[in-house]
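Each chain carries a letter (A, B, C and D) given by its place in the written order, and its residues are counted from 1.
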Amino acid sequence: MKQSIIHDCDPGNDDALGIFVAAGHPALDLLAVTTGAGHLESNRTARNAAIAVAAAGLSVPVAAGATRPLVRERLVAGILDFELGLDRERPDLSSVALDPRHSADLIAEIALAHPGLVIACSGPMTNLALALRRHPGIGVNIGRIVALGGAWGLGNKTAAAEWNILSDPEAASIVYGAGIPVVTVPIDAAACVGVDDDLVSAVGALEGAACELAVELLSSLRRTHRQGPFTPADAPLNDALALLIAADPSLARTLPARVDVETAGKFTYGRTVIDFAGKAGLPPNCEVVVEIDTTRSRSIFVAAMTALSGRRSLTNALDPRRETI
Amino acid sequence: MKQSIIHDCDPGNDDALGIFVAAGHPALDLLAVTTGAGHLESNRTARNAAIAVAAAGLSVPVAAGATRPLVRERLVAGILDFELGLDRERPDLSSVALDPRHSADLIAEIALAHPGLVIACSGPMTNLALALRRHPGIGVNIGRIVALGGAWGLGNKTAAAEWNILSDPEAASIVYGAGIPVVTVPIDAAACVGVDDDLVSAVGALEGAACELAVELLSSLRRTHRQGPFTPADAPLNDALALLIAADPSLARTLPARVDVETAGKFTYGRTVIDFAGKAGLPPNCEVVVEIDTTRSRSIFVAAMTALSGRRSLTNALDPRRETI
Amino acid sequence: MKQSIIHDCDPGNDDALGIFVAAGHPALDLLAVTTGAGHLESNRTARNAAIAVAAAGLSVPVAAGATRPLVRERLVAGILDFELGLDRERPDLSSVALDPRHSADLIAEIALAHPGLVIACSGPMTNLALALRRHPGIGVNIGRIVALGGAWGLGNKTAAAEWNILSDPEAASIVYGAGIPVVTVPIDAAACVGVDDDLVSAVGALEGAACELAVELLSSLRRTHRQGPFTPADAPLNDALALLIAADPSLARTLPARVDVETAGKFTYGRTVIDFAGKAGLPPNCEVVVEIDTTRSRSIFVAAMTALSGRRSLTNALDPRRETI
Amino acid sequence: MKQSIIHDCDPGNDDALGIFVAAGHPALDLLAVTTGAGHLESNRTARNAAIAVAAAGLSVPVAAGATRPLVRERLVAGILDFELGLDRERPDLSSVALDPRHSADLIAEIALAHPGLVIACSGPMTNLALALRRHPGIGVNIGRIVALGGAWGLGNKTAAAEWNILSDPEAASIVYGAGIPVVTVPIDAAACVGVDDDLVSAVGALEGAACELAVELLSSLRRTHRQGPFTPADAPLNDALALLIAADPSLARTLPARVDVETAGKFTYGRTVIDFAGKAGLPPNCEVVVEIDTTRSRSIFVAAMTALSGRRSLTNALDPRRETI
């Protein structure tokens, strides 16, 4: 039986690859794509998600959501790719029409109808936090949240914090404190699954709208990758891993841990404090991925893309711009 | 023309007096009462609001909302009155049926239909924060938020923080940062309007369900008042002042100020840092009440109660318990 | 019997008036003036103290001390008086030679020899903190610290913090936590003792080096006073009050309180959280001045100046510049 | 030419091994051992240092210093070895007499006389911070501080913080901000140099007081080592590495980095935020060891012990208890 899943994201190039995994993986039944504000504005992330869903040949609801983080100001990335992928506007690509519901409400509605629902989160956790606070009853119906974000070592946006969590630390703090099973995929563990030449070639050999866009996205990740002393040689696949692991938990070795999100520090705002050893005396609230099967992850990613390779892009798109109150 | 107003509150005894002012003051057109979690649970605050609205002989929507603060844990007061007022369950009092909508959504719906809407807030700002984040478009339609809370001097729950703000500092931080005109009524200014013998007698001389309940509420405030070195001799009327000042701004002298809510300190969590003098170089985001006309405030309060004195309690109450997702 | 006292300060114009009180008050036996870095550098504050001591006709040790706050960067004031007083270099005024000892060591040495010693502190608490940490045994010999600083209401440097405490919050935190009796004179209480025309006239009628300099200092305080909505009409005498109250505790009404210094907040760094009501459940560590006898304070100040009025400035000054390792 | 060095420490079992390296390494000229409070009280750490120095057959000054951290309360470890090593009182071992000077003053005195002085620090940085604040002129004479402490990954006392830094974060903040060259040896890098069977056997084959005590200390480290999911199999040698790397920088590969110590967070107090990539836009203040030559480190350690193996313990010990003011 397929696992019902929502993908909450802020595409962005690596998130869009996650949508393709969600659409193409045989173990997943994608029920909706919900979007929030990331380093792109929320109307752009929604439109990008609608483009990716159209390219995947799916017709599932794509909803816009949070227009900004819960408490902090929106964080905007310095590195953009103005030639490839979805960082810039893509009027040349068709897209599905946006669902009129707010992401947080759509998440709640689906959760109520699908006990055991899995939510893969590859962006800031604002929509999840809003859903949990606006619809507190949904917690029991969420089987698992699989979230790409955080770090037990060095951050990738600041020395202490990882981008997704830093983008909305208060929301992350809400989610980690909600009593819902969370599987965290920190960038330390994710770093081993890089976008290498073979991966790009393998996807490049496939046909169809999704695969063509995927090659652009993968290439963009490689172009904008900045290697530092502690960063991997290849751009990490990152966000798509949340979907791969949601589909197949056996890809990852996890350890239970207490994860707390720092919302107060001078130098550590947004850090995930991952306490594997129970040093704070608090019970684990999370399974933290500490090791990923790199080879299988890449091949399953290619398999998911292959599943989408026959499809043509949907062209039923209404204008995807929408107004929310 | 009457001022359209929503009263967002967490009754609690002094909030319920605010509902009576909202119902009885000739300048106010009360459109809804919305409730959240305070030192009482959210189902209790909603039921209490429904009791107060029934006693006032009104039939306006009363909605339940936030079941807990946005980020922090719920704060529970130590001092309760188990004999008078609404701290304890009151099955002996009739109540109106609760509206099925969530407070945050009801606030948004009404705001969209009533440009210039005033929202009086006499509890934690969780519902307002949720409404602003879930429905970001409503900000332009809110004419003014009049909020009882904060302090430029000593706090009343900790030495640094006032109860309403401390109950949800992150929500308050959202509201103060939203660019909406806010009138803040800090407890320093509010302290001068105490519940004295004359006030209780004046209300006690009136008849009807609202006035009888009001006497209980006022008496309860007096019983649970703890005088300290810097607290006033009489229990402050507090929450009801937000409604009195919303109805008649001339009751208060205000100064523009920058208000920031501390969400990080070791000893100052929840403090409102009220910068009248622009010391931080930031523009004012608020009008802060620095002086209140005590005599007129009391007499207008009594006049509002007098306006309710003829009415009989509504008894059309369905069971006010409701489920939200 | 006279009270042995050290004046630890950072003159600065109001501190220098404190030195005159220390020198002229009949109840005080001034044993040393110790100085640290304030809004002037430490070599300037030492030299200014040496000028004030010379003007007072005293020959007590004047020692330089801390060249910067313990942990934070040095805070520099924006408002300086370039014409009157000690904000600018005063080569025209004679001064006593500086003692070669470091302020922190001199404090410790004197404390060991004078059980019950009182230390009046009218600047950042860096020297006191260094003395307590370098010489932990001295605590039992310090009878009382009387410190001008902090606020239970609005700060005077930020909306939350008062200048002296904000200048070195970590040092203040050390002093308040040391178990030594502290009398705090917050600016809220100090505000009532202003430098009015009568005070300036009274001192102006006196003769001698100290009184001439005092008139300059008082005038400078008036020139640099900026009146805000919550500040008093007259420039407060401030620092000198620490000496006046150290000499005569009956000038002030105090309440026991727990004082904690915020060293972590985003908006509240350096705030003194003054808990009169035991809200945090912690025992008092301080007597906090809540009311001062304005009239008597002013007249005792004038009396202290009168005691200095006959004296001529000492001219035995060696070059007051010194090197410390 | 030998490198003049002071070892500032809080022995404790691994610090004492550092004293042996300082004493036995041919490249080092140990000028003094200074001690402060660690998980043992300061009189115990001073006595333990005096025991280690005596066992090494040296007669260098051993001074007691800070009796507690600068600002925070003293942190006490849960894990003690009550049978082996120096966690318990060792009246059976002889010791040298303590120097009457305070560690902070002794450091300053030696620094002034020895430009280019290296200070190895294997405990909390309280003495260094006190020396820098009490004697600000010494900074230019300190060639390098080599400090064992901090982490870019998981902490060993909390999930965020390493023991030595957490023991006095404010002191560490002072040292890292002092503009002095610092070589940091974080526990992430140090973890690879474990106390394995071969190391214990090699030292066990040597004779003399130092080597006998060293075997006890090494065995104690192994007994109290708790292996967690991310901790190495063998107890890390830790503190002694600061001396090994001070003696021979070629043992370690370093990267320049900005190190800031968190003194404000809710979950991250005491964390070293190590910014290798300049993400905060601040210049490096430190060389951070990222890799250590495990094999050479162990063999040089054994060589240093071998150099001490002929010596007999000094027995000129006066009573090492001392009073400081």
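Just so it is clear, contacts are C-beta pairs under 8 Å (C-beta built on N, C-alpha and C of every residue); 3 or more make two chains touch, one makes a residue touch a chain.
None of these values were measured; they are calculated from a predicted model.
J.: Between chain pairs A-B and A-D, which one is joined by a greater number of C-beta pairs in contact?
T.: Between the chain pairs A-B and A-D, A-D carries more contacts.
J.: With touch defined as above, tell me whether chain C and chain D contact each other through largely the same residue numbers, more than half shared, or through different ones.
T.: same
J.: How big is the gap, in whole Å, between where the Cα atoms of chain A centre and where those of chain C centre?
T.: Here the centre of chain C sits 58 Å away from the centre of chain A.
J.: When the C-alpha atoms of chain A and chain B are each averaged to a single point, how far apart are the two points in Å?
T.: Comparing mean C-alpha positions, chain B is 40 Å from chain A.
J.: Centre to centre, by mean C-alpha position, how many angstrom separate chain A and chain D?
T.: 44
J.: Can you tell me which residues of chain C touch two or more of the remaining chains?
T.: 263-264
J.: Hey, which residues of chain D end up touching chain C in the complex?
T.: Checking each residue of chain D against chain C gives 66-68, 70-71, 102, 104, 108, 112, 126, 130, 133-138, 170, 173-174, 263-264, 323-325.
J.: Can you tell me which positions in chain A touch chain D when the two form their complex?
T.: 152-155, 157-160, 188, 228-231, 255, 258, 260-268, 271, 273-277, 279-280, 290
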